[in-house]
Every structure is written in structure tokens, then in C-alpha cells.
């Protein structure tokens, strides 16, 4: 073994480490333990934002802030306290509440981060996505995929509030963010009839002839309706029983997630039944669409009601228990982890001990 | 050029050809022209079977023939007169009318040829497919894919009639036919709730979580309902205009055809508008689900009404013109031709001359 | 049960069957047994053509037949005696011996059936495939895929003989045969350097940057060299042991078979060891490239030597036993059966009884 | 527009922003510009580490540091000065130099980050990957994919040095790092014959029969030899001309990158010819395997010689010009960006102005 013991004094070592640092090198043997951990050690904390607070602050922003301030969007982003001040709900996902006053128009732009809109309150708004006007109603999911032009338009009498989910942290970590405003400040060209994607790709087991042969980067179906979501969950629950029925929103031309960077899910909880402890690699942001109950995440108890939003870190153990029939909407980074061969999941047998209560 | 002219007399040639034949060899230069034709020369003829006749003969079979005769099915198969007495509608597709009397039970078996059932008349029958009871109503499509157990069961007061489409000629040409009766003459084990596949895979843009990651040989969704078909055609026609809106039945977990060997399509014709002449490699069997009109196939005119069935050969030029709103159901071999890299299609500008009228 | 017994006399039945026939219909219950057999019943017979005979007749054709006779190719096709006079080696595969005299030029054409050339004897010929001159040496495999222009050109001093394998029966059964002669009788435009595909796609585990992202209908690598085949078989045999090492020729950009309609394989047999009985759905044509031994196919014994060619039907049980180290080349329809979800295979434990000897 | 101007005083706004911060929320309109930039703004700097220095420091580590210190590996990792002290060569890639003294054994472990080894100097070492002993020679590439057991073993008389490339930053950003030491400190079970993967998957256009049908997370071929790399580059350069021939290391069973998280490339530069300015989304680490020349990256000139290592940020404009025939090895994150639909590239016409010289 080539090690010349005589040289290895504390002084020679210290000098050696200084030399390394001066030349932009680091010794793996001093950092291997932090770097290659036995299991994921996410900075993301299990966290919750309450709807009552979110709504009150969004309404306040609706009064205080003109929509044409920076970014042309009135958005409050969830900043997980574990992430050192970054405006991200988890290490890979952006979550936010967007608020559009009656009659407002949020002008068109596009960006490589992909976005979804899950409508929480209000009617009378549509989002135009590459010329297709997508009507938005509570409980609907609307996609504005990577690099598609999109604007939001209100003809409502009241404000409308929705949840924004984006893959910004992932796209940023890959140094792949591009952004562009719509040319010449013109309004986006809109085709006359709304909900074009729904008419083309909204069939049950039916696609326009030969459409299945075309490969899309993201779902060409841009709107998923509450009534269909409800029917699908009802059917699955009838078939498979509780405590939880879980559906995924998919690209109907491929059966794959709606976007390569972000998955969308809907979970229906049967009241008074606890789910088995579950964990997976990858994080989630969960929006309580309706119902009430509680979750235990890594031993921490979260009591929630309709509209509350939770952040779940990678590899955190999760159990849910509803006190009334509950629907949870979630965004995840699962498609990324599966595409890269890094996905794992575990179901545990023993419920967690509650060691802390979130308040 | 090594050819020794002196040897090549008519006598030496004749002797040579005899020798080849004796040793199970054939000279390509004598058959190349028939073998490698400039374009497909199908033996299949453009043909039509009239519903009035099909129904009358099926009813007669219902009276004359016990269902437990050979094959345990009361089926009249379309035998294209171009195919030399083979019981096939086209060179690659089997088409037939199946007739089940009130209260009858067609016992379970399975075979490698895949089948579809498109219901034409009557209610109160279900087909059990691998234990899943699939209710059948007029205008529904029910799949019994390759090698899945299936039986047909009537609790109806009246006979039920449906169209059977199979890939038998293709599977036979590949020497891949297997068949098995259900063990011990027992009835197939059936799970209690009918239409399980519909509850699991019948969502619009929604699948059970992770279902999209599983690869299926054929669609796990086994029933496609008339109401959904109608809604999809309506939406597509609104979006794209006429003269014809064409949808494909797909596997919702992949967007691909319902089976690898056979495609299913639905076409809606706007009245009084002629489609442009179209041809493609691969054959079809077309069932007039509703409406009336005519088609020109390779210059031959076919007048049709609801229930009539047409055979369309490969590479035949086809135009349709409906006299009232019309829905056509079709089976095709398109998935085979596409999988093997042999698919082509053409749209022509000039209507065909009618040279013959089918009667 | 709707059956009115009184009607079903022999006379009414006979009349009914006549009516069906008149209207191009057939009763399934009378043909179900022949149609849906318990296992494949191929018309193809296990068969063998001897090299001594093939070579002698090919040489005779070389003297008697001008290459510019029908088809521009001097080809003796294997006509399996089970196939009723059709010029096919099996129900799905064409096999033949092609003979090119010194200095001959077989002009360019293209057709939708795909072809492979496996060189048996002679040097100094190249096949131009879409402008790429592919040099041919004994033991090489050269592809002329579906719809690619190809001609054969000799600058040799002696005749050259190769095995032709095509998918003609399959493409014909699908009514998808197209054929075209090269325009204006001109020679095909040839780029200067031969073996372009080999330089681009012939790397071991290396492809031109981004080439792996492009989807090809067939392998873009058009030549596979004997030295590489030999090295691959040697490595596999070292690793896995005998009695047989089996490699498949693949598209290096996808790892898939070289063509969607036809697979190419190479098998090395260790002397004096018998392979286990094996059968699969789909047929093969096997060329003894080198060595000697015997095969048992469905109980029939075939003794073979270098150059002999065997036809193996679908689902036939096969065992090989070499008397000296042997390399077998084979074409198969396996890619078709796998693409259509119809492939099966079985390994048996007990050697077959020999019931017949082929002579 | 619902904005009540009267409320929006500096004081009310300041109070509102404080309230947001207290509740872990951030206003998008204040951060949108930094977040959604017009094009990528990587923290990674174009950088270079000189071989003379790397080798000298690695040799010094070889004398000072026992291999059984933390991590069981003697590795100097490249720490890009733009990344705030993180031990990463770019925002998504780890690059390092590993040094193994004569006779040393680096014990087995596994981790979800995938690694490649590109051998720079020395002979007589093998890496065992899941029981397969992979011999390492200069210019070879050896894979130790995600979650595969691996150890490094020297029977050499001299030290061996190689480049380590890993996807650690990406796997860490996704909170997906798992690590495990080989059980019981035992040596990894090794099968007797080395280079098993090479014998199975090292064929040119040949795979073990049916191997192409199996889907792998990463290449089952674990070693790529210098002689093959050289031959492939020679062929490509002959075919396509200079100034640069670029090959990608691929999984021979799929044609896809060797790992889903990291691509490996080899580029041959013709002397005295400048490449056109090129940029792409995603970063690279480039190792000069042989030759000499210079690169311009975002206007900064880097003069390099054999063994030097460069970091290239996402979207940086790059030109190369060699003064002698040069081979560059590179790792990239391209497979990630392509899988997530975020890849772009551009070729520019005008050479960059050099604004800075790296020293």
C-alpha cells in the first residue's frame, strides 16, 4: 500500500487540503458521508398552509396589488421553511395560489416550466392555451404545458382563485428556464370555439383516427372536468374498495402522465379509515379539494380542512385519515423519478407514532 | 456474361424446368411478374351483405340450429366471393352475424384469434371476458381479446344480434391458431359486479394510479358505450367539420389500437356531402350502424341502409355519400400494416367514375 | 330455447344451407373445428434442399438463363411441397438461391417485401442499397429492406452464390405488395465510398451522436460481417456454454430485429451435443453455413452438411445435433408474431422418437 | 379592476409583505424576473482543471491518504467555483479524478447515483460490477450504473488514474440518494471469468437471441474498449468529414444512452479546423483524452492539453480548435433534458469574440 506514513503529519495534511481548495478541488473522503447518505435527507419539511389564511391574503393582494406588476400574475407562492427562503413548496415543486379579480386579464407569455391550474373557487374565467380557450370551473384541472402561450381572462362578477402547480425547481436545477412575453403586447390569437382539446381528445377510449400514433411531449387534452373526475373515483372505489382510491390524470394518446416533469393525481378517502403508512421517492404538494381529516407525515400530525395545502418531502412516511368523505388533489415529481430510474416506494404495516402536532 | 447460348435450346430448357420442379424449386424469372406486382392485387372483392337478408337468415338459424352444434356459437360468416370459398369477409378479416335466442348460453372457450362484438339489435345479454361480465346494448363495442375466456349469456326475452369481427385469416396465415374449451364444461367463474373494466379504465383522461406504466397486449378496457361514442363523434364533427368525422377505439393505457391485430373505427357522415376518394393498404369490414347512403368502391356503387355490411379490399378507392346522418362502424387490419411498416394511404382529388352497380 | 324442432328436418336444413351459400354466407358451426384448431396445423412441411443439388442447378441456370429474363434476377426459389405449388419455403417466408455470373449486373428495383442476402460462395460482388455499395463476402449478411432500391454488381472472375430470404408470403397475405423498377433504366446513383452504413452504424456500443433518438423502420446498418459474427458467437459460447449459442442480428439503434417482418439469427452448435426439443409459433428457414450434423423435426430425421437448407414449420418440435462444430443461419417470422402478441415457445424434456428419415 | 388604490400605501404594502413572510409565502410579482429568466442563467462557470496539477495532487493524495478513509475511495472532486463551494463540476454533474495505488482494493458499495469510469493512466485494475470483473485499460469506458455493487481492485505494479463521472447533483436535487455498503465487509462475490458483459452484449449488430426484447434501466454492456472507440471515430470521420466527429456510447439493446441520467460522448477533432459555435441546454464535463488545442466558451479562451478537464455550463456557446488530432471524452446531462422535453440546441454562424483568457 503506497501510503508513506512519514509524510502524513497534521501539517502536511492541512497544507494539502489548502492546496486542493485553492485549485477548486475537494477531497471526497471528507464529504462522502454527507453526500452519499443511506437514504434521502430532504431539506424540504413536511408543512401545511391553511386555506383560511391563503384566501384572506390572496384577497388582500387582490386589493393591494395591480395585476400588471412584475410577472403579470397575482400569485402567492408557498415557501417551504426548510428550503432557506426559496419560493418553492418542495425541493422539486412550486405550489401557489393565484387570484384573479372580476374582469381582469393576465396577459400571455410562455416559459419552459410547465404549469397546471386546479380551480378552487369561482367561475367565469378561461385560460387560453396556444389559442384554445379553456373554461375553468371549481374542481377542474387545466394544463398550460411547457413553452405553450397562456393567458387568464375573467368575465366573472367575482374573483376566482386557483392552485398553481409548476416544476420550476426542477427546470431551474437543470438550467433550462426560458421565458418569453407574447409578441407586441398583443392579445393572444384565440380561435372562436372554446375547449377545442376537449372535443378532440376528451373521448372515453376514443381518439381521432390515427391520433394515437402521434407522440406528444405532454397531453394534448388540456382540461379535465370535475364531473369526470368524480365519476372515475366513484367507479374505482366501487371496484377496489377503500380506504383510498387513487387516479392519475393522463395523456389520453399515451396513458402517460400529463407532463414529463410533473404528475397530477386525485385521491378519494373513505371516512374513518386510515391508509397504510406509505412512502416513495419524490415529493408532492397536496390540495384538500373537499372534506376534512388529518395526515401523519414523518410522525407529525396535520389536521386539515377543505382548501388546505400540504407539502410532503421525498421518502417521508405518510398516512391519511378522513373524518368525512374527502377528495385530495396532488402534484408530484413521480414522472421525473420514474424516467430516470430512481423511483421506489414502500408500504409499511405499523402506523407511525405521532411525535408532534402541526399548528 | 456466362451464358452459353449453344445449350439453351427449347429442349434443354424444358428438361431444366422439369428438373427444378422435381426437386421442389421454382424459377423466379417465370413468376416474378405475378409475385411482385406494381400495386396490391387483392383477391378480395368489394362486396355487400344486406341487413334484411342477414337478419332473416339469422332468425331462421335461430329456429333451425341448436347453439350447441359445432363451435357452440350460432354464427353466419361473411364469405367474400373473391376468396375461393373461404369463410372470410376479406383476406385478413373475419366478419359475421351472431344470433343468440332468449335465455341461451354460449359456453366459454378461448382462442388466439381476437374478436370484437358490435351490438346491432336487442338487450339483456352479457359477455363474460376472463370473469368480467360485460353488458351489451345496441351500438356498444365489446372486446374478447386473444386468448381470453369468453361466453355469451342471455337473460333477455328476445333474441339478440351482433356483428362479430375477428382476425382469423391473419392468425391462420401465421399458423398461430390455438383453441381451448373452458375446463370441465363448468361455467366460467364470474365476479359479482359486471363491467369491472369500465369502472377501472373508463375514465376520461384518468387511470388508476400507475396503470399507465403497465404494458398490455390489448386494451384492458373491454366495453365502449354507444353514448360515449356518440358524444365523441359529435365533438369531433363540431371541431373539424365534415363530410366525415373518424374516431378510433383505443386502449386508454396507451392510446394504441384495441388489439395489435385489428383496429376498430367509427365514422360519422354528414348528409349530402361526398367524401374525397381515399385508399389505404389493408382491408376493412364496414357495418352501417345507422343512416343510409351509398359508397363507390373501385368504381362499383353500393347503396346501403342501416345494418348492411361492406367488405373493402386493400388499396381500393373508396368514397361515401350519406343521404341522412350516418354512423359507420368498421374493423380494419391497419394495426398490422403499421406494425410491419407496410401502411400507405392516398387521398385523390377527382371522384371516381361509376362503372357498375352492386345489386 | 327458440329452436322449433318441427322445422329442422334434413330437407329444411339442406335448403337453408343452400340459401346461405347463394348469399355468400357460411355456417360457423360446420367449420369451427377446422378453423379453430387446438394448436397450429401448418400446411408447411418440414423439408430440406441439398446444397449439392442447389449449386448444380444454379450453375446450370447460370449457363441457360440470361439475367435479364423476367425479374432481372437468376433465382431458384424453394417451393415447400406442402404449400400446393406456391414458390414459398414456408407459409410466411421465401427462401431461394441466387446466382450471379462473373461481371453480371442485376439492375435496380425496389419492392415492399424486405430481403436479406446471406453470402454462400464467391467474392467480388456488391449490392447497392439506396446508393450505398455493400460489399459481399462469404458469411456476411446484407440487408435490402422494404422499399429500398437495390441492384447486384459483379466485378468478380467467378460466379457468386447467395441465399435470398424474403417476407413475400406475409406481405402478399396482407395485400401490400408494391414493386417499382429504377427510373429510366439508368443505373442507380452510387456514392463513391462503399459500406457507408458500416462506417456510421457499425460501432460496438457506439452510435453517431443523437442517432439513437431516430426511429427506423428497419436497421440502418446494412451489412454484418462474418468476422464479427464469429467473434460474437465465440464470446457467447464461452459465457453460456453449449449445446447451442444463439445470436440475433439487430438494428444497432434500437436493439430490435433488423426488419419488422423478418428476423435473422445465427446459431453455433457444439459437436456431439444434442439440443433440447424446442418449438415456437412461427416458421424458419435454416441455412447450414458450415459444419455437419442432423436435426429431428416433428419426428423426421434430416442429415445435413454445409450449404443445405431446411424449412421448419410453425410449432414443429426441433432438435439439432452436430457431428462437427457448426454454424446455422436462419430467417424467421418471429418479429411478426411478437408484434402481434401471438408468439409462444416451449422447451421439452424428452427427446423425440424418430419416425421417419428424410432422403 | 378590483384594486382599491387608497389602501395601497407604502406602509400597508410593507405590512402585507411582512405578513406573507411570516406565513411562509412569497409574492411572485417581486421575484418573477429572477425566477423566469429569458434564457438559462447557470451558476456553473466555464472552467478548466489542468492535468499536470490533477496528477500531482492525486499522487500526493496517494502518499498522504489511506484508501480506507471516508468513502473508501481516493477521489479529488472538481468543485466549480460558481457553485458556492459545492463539490460539483457543473450544476448537474460530478467530475473527479480517482487514484488507486498498486495493489489497493477499494471495497464494494452501491448508490443510486450512477457512475462512469474513463481510464486515463495505468493498467492492471479491474472494477467488479455486480459480480462481473471489468478490466480497465487507458481509453476504456467502464460503467457502474445506479444501485449496482462495485469495487475497484489493483493487481498493478503502478498507480492507476481514472476520471469519475457521476450524476450526483441531479440525484441529490431529486432527494433520491440511497447508499449501501456491501454486507458484512465481505468481498463482493465474483464470477470467475472477467468481462462477462462484453462477451454477451459486445457484438457488432448482434445480441443474444431475444435480448433486444428486454428493457434495461441502463446498458447491460459495462465496458467500451479504446480500440473500438478509435475504429468508430475513424469510420465516422471518413464518412462525414470534419472538423469534428461525435459518437455517443449507447446501450446496445436499445440504442439509448448508457444511463437515463447521464450521457457519454467521444469527439474527434481534425487539427487546424474550428468547429462552428454551438450551444445546448444542459451541461458537460469534457476530458481531453489525447491531443492539444483550445476552446472558446462564452467568449473565454481555454488552451488545453492531454488530460485537462473542462466544465461547460448549460446554454454556453462553445467552439473547439485542435492543433493536433484530438479525442475528447465528455459526460453530459442530455438524457435528462431530452426525457423531460427540455432539450434545445443551436448552431451559430459567427465565431465568438474572445473576451478573456483562462489561466
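A few remarks follow.
Each chain gets a letter, A, B, C and D, in the order it is written, and its residues are counted from 1.
Everything that follows uses one rule, which is that contacts are C-beta pairs under 8 Å (C-beta built on N, C-alpha and C of every residue); 3 or more make two chains touch, one makes a residue touch a chain.
The model shown is predicted, which means the values in this text are computed figures rather than measured ones.
Of all chains in the assembly, none touches subunit A and also subunit B. By number of C-beta pairs in contact, A-D leads when C-D and A-D are compared.
Centroids built from CA atoms put subunit D at 52 Å from subunit B.
Centre-to-centre spacing of subunit A and subunit D amounts to 29 Å, using the average Cα coordinate of each chain. One simple way to say how far apart two chains are is to compare their mean CA positions; for subunit C and subunit D this gives 44 Å.
Shared interface positions of subunit C, defined as residues touching 2 or more other chains, are absent. Residues of subunit B touching subunit C in their complex: 1-4, 7-8, 12-13, 16, 19-20, 23-33, 35-42, 44, 47, 49, 53-54, 57, 60-67, 69-71, 73-81, 87, 91-92, 96, 101-104, 111-113, 146, 159, 168-180, 217-218, 259-261, 281-283, 313-315, 333, 336-337, 339-342, 344.
Note for the complex: subunit A touches subunit B at residues 193, 196, 198-213, 219, 221, 224-225, 228-229, 231-232, 235-236, 238-240, 246-257, 265-266, 338.
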